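Two complexes, one shared chain (chain A), two partners (chain B, chain C).
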Partner chain A sequence: MKLGYYPGCTLKTKAANLEKAAMASLDHLGVEYKELSRWNCCGAVFSLTDDDLIHQVAPVRNLIRAAQEDCDTIVTICSQCYNTLARANKLVRDDEEKRDTLNRFMDEEPDYAGEVEVVHYLSLLRDQVGWEKLREAVTNPLDGLKVAPFYGCTLVRPEEVAIDGVDQEILEGFIAALGAEPATFSAARECCGSYQMIAHPEEGMNRAAKVIGAANRSEADALILSCPMCEYNLGTRQGDVVAAHDGLSRVPTYYFTQLLGVALGLDSELCRLDLNGPAAQELLVDKKFIAAATV
Partner chain B sequence: MDTATLTEEVAAKTIPIYIMGKRYEVPETLTIMKAMEHSGYQYIRGCGCRGGICGACATVFRRAGDYKIYTGLACQTVVEPEMYLTQIPFYPANRASYDFETAEPTAETIYKLYPELFRCVACNSCTKVCPMDVEVLDYVSALKRGDLTAAAEISFDCIQCGLCASRCMGEMAQYHMAQVARRLQGGKIAPKAEHLEKICGDIDSGTFNDVLEAAKAMTEDELKKVYTEREMEPHMGADEWTPASNHGLA
Partner chain C sequence: MASIPSPIHPENLKAVNKIAELSGQNVHECMQCGTCSAVCPMVESMGFTTRMGIHYLQFGEIEPVIKAQIGEYCASCHTCVVRCPRGIDVPKVFEAVRQLVLRTNTDLIKPQEIPKDTMAEAPQIAFVSTFRKLTS
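Showing the complex of A and B:
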């Protein structure tokens, strides 16, 4: 397998804390990959309009770029990028007529018929590295840390691109492999509020409050995510959400890759905890997973 | 009288081209710009340097029997038989104003000035139309991910002709965005040339004043003598050559 890494725009700006530890962890685990040298925005949201092929051009062009770099598989970390690329890939594979239209439009690019496999980073960890090997690689187990796994929408919907069935619990397996305790968390597969946080703030805040409330009830110490939009709604905006709803308390949020980096004993500066706010750093210091001096 | 007969010894063969839909016979060796002048057009605008760098003479054309759009600079592109062409010397495009002194060299600066950046659907029409073969979509993508350095480098050959903007379904003015990126890269991201700053400081503090005053006091003949007798770096000099006098340089 020749593995390409498709970063996605947000990981290069706001969500550096999603990317850095993830790639360092792959190096640490001995997984070979090559970051794609040419790529564009994934398209961000998969268009649900049946004949809206222009919005499939961006994801398909990325898949063509991956094929041009001889990658047979690409891995993404952002849930949204994963969802958009995987669904566009499926569309190209399944619908001959739309594939033909897209290839004609692409014009100067080589034809593409879905040759590249799109996988999410969590699937790669589970299926290529394996939880057992990951557990063995953990030198700084997150003992006594109770973690609520937040899947959100795009890792597990729709079913044909879901990285996990309802009963398989990939994030729970991941948390356990790091030596932490997965919290039973009723809002794990709810919506974070998505773009409604901006378009219809009240509804967006209510959705986020539902997730924070469930995390509180699960008595989790932390909430982990794989999506920059979830992080905005549940992390960056958490103070506003908690202030606007009675009975909620704050819970530190992390990208799952940050806890991976900490558990593998990587330099904690790589994990960019500075982007998560002080509470996230303090919790890991209190638990003695990282040294205070490095945060 | 048949001009072709008269000049067949010396004149190039003529070919038919279509300028804005009208047929003209022009010598096959001409550029589009010369062919238009040969056909009676007089340039007031839409023509600048005639050297392929100013971006004033962007031209779109089609070839007979071919659906594709081709582009070139009128001053650089040689005519072809049955070519259908028109120049697009200017294309109206949104150019945002900003204060360079206070502008941060970050993704957010570009996003705020040009929020339409996020209308890009990666159709690649911009790259396909660029007469300079700039990978326009690649620099637009770099801007979206906030990599101003990459955007500046990829867009370096842009001559601001505006054809990318003319084809953009997101109605963006890609080339103006790239110019912001290049300015921020050059002025605020790329490392400063320390030796330049130092020498400017030396000049300001008067290091060369005495040498200059001495030169100003010389007669023309003295100046010529000093100039011709100046120490020069040998053509086949050793790697470690240094001048005998540094003329006041530290």
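Showing the complex of A and C:
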């Protein structure tokens, strides 16, 4: 397998805390990959209208870039990028007429027929590294940390691109491999409010409040995410959400890759915990997973 | 045998066909069980439920569905797709309704009204998603 890495816009700007620890962890685990030298925005949302092929051009171009760099597989970390690229890839594979139209529209590009496989980082960890090997690589087990796994929507729906079946629980397996305890979390696969936080902030906050309320009820010490959109709604905006809704309390949020980096014993500065706010750092210091001096 | 008259007003047939063309979904397969509304995370914000939205569309009545802002509030979480016993891709149906609005050169949000602190803090994918879904 020749693995390419597609970062996407947000990981190179506001979600450095999602990317840095992830890539350092792959190096640490001995997974070889090559970051794509050229890529563009994936489009963030998959177009659901049958005649709207123009919005498939952006994700398909990225897949062409991967093929041009001889990658047979690309890994993404952002859930929205994963969903958009994987669905566009499936469309190209399954619909001959649309594939032909797209290829003719992009006549300056080599033809593409779905040769590249799109995988999410969690699938790569599970299927290529394996939970057992990951467990062995953990030098700083997150003992006593109860973690609520938040999948959100785009990692698990629609079924055709889901990274996980209903009975598999990939994030729970990941949390357990790090030595932490997965919490039973009723809102694990619910909507975080998505872009409604921008378009309709009050409704977006109400939705986020339900997820945070479920995290509180699960008695988790922390909530882990894999999507910058979810992080904005449930992390960055959490103070506003908690203030606007009775009965909620704060819960530190992390990208799953940050806890991976901490458990693998990577330099905690790499994990960019400074971007998660003080509560997230304090929890890890209190639990003695990271040294206070590095915060 | 006397034929049963279609419940759809002839003028509305065009709208029914347009939704089918854009979404690839047949709203007449819906049996009105309401499961989509029961699982919808945004249903409280809509003017009426997704079940009612589909019911209006079965009769080619698009205007009430636009007014109820179902397409605007649907964030395509696809929970209803997983649960629909009739296999209808409900977000595709309401995306089609939203597209019919956007294609009249109508924006459903005003980007210039997004607060500055939101612009500074929110991730890029939030803006791309918002503009993709809600601007023409």
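Basically, the second predicted complex is superposed on the first by the 295 of 295 C-alpha atoms of A that agree within 3 Å, B and C clash if a C-alpha of one lies under 4 Å from a C-alpha of the other, contacts with A are read in each partner's own complex, and residues count from 1 in each chain.
We adopt the following convention: a residue touches a chain if its C-beta (ideal position, glycine included) is under 8 Å from a C-beta of that chain, and two chains touch if they have at least 3 such contacts.
Owing to the predicted nature of the structure, the values given are computational and were not obtained by experimental measurement.
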In the overlaid three-chain picture, which partner chain does A:Thr13 touch, first (chain B) or second (chain C), both, or neither?
both
Could you say whether A:Tyr232 touches chain B, chain C, both of them, or neither, answering first, second, both or neither?
second
Could you look at A:Cys41 and tell me whether it touches chain B, chain C, both or neither (first, second, both, neither)?
both
By the touch definition at the top of the document, which applies to A:Pro158: first (chain B), second (chain C), both, or neither?
second
Between chain B and chain C, whom does A:Ile198 touch in the aligned arrangement: first, second, both, or neither?
second
Taking the superposition on A as described, I'd like to know which of chain B and chain C A:Gly261 touches: first, second, both or neither.
neither
Which partner reaches more residues of chain A, chain B or chain C?
C
For A:Asp51, select first, second, both or neither according to whether it touches chain B, chain C, the two together, or no partner.
second
Of the residues on chain A, which ones does chain B touch that chain C also touches?
8-10, 13, 41, 43, 55
What residues on chain C touch chain A, complex-wise?
21-24, 41-42, 44-45, 72-73, 75-79, 81-82, 89, 91-92, 95-96, 99, 108-109, 114, 118, 121-130, 132-134
Taking the complex as given, what residues does chain A use to touch chain C?
8-10, 13-15, 41, 43-52, 55, 78, 80-81, 153, 157-159, 189-191, 193-201, 203, 206-207, 210, 228-229, 231-232, 236
Name, in rising order, each residue of chain B that touches chain A in their complex.
107, 120-124, 128, 137-138, 140-141, 144-147, 169
Quick check: in the complex, which residue numbers of chain A touch chain B?
7-10, 12-13, 38-41, 43, 54-55, 57-58, 61, 105-109
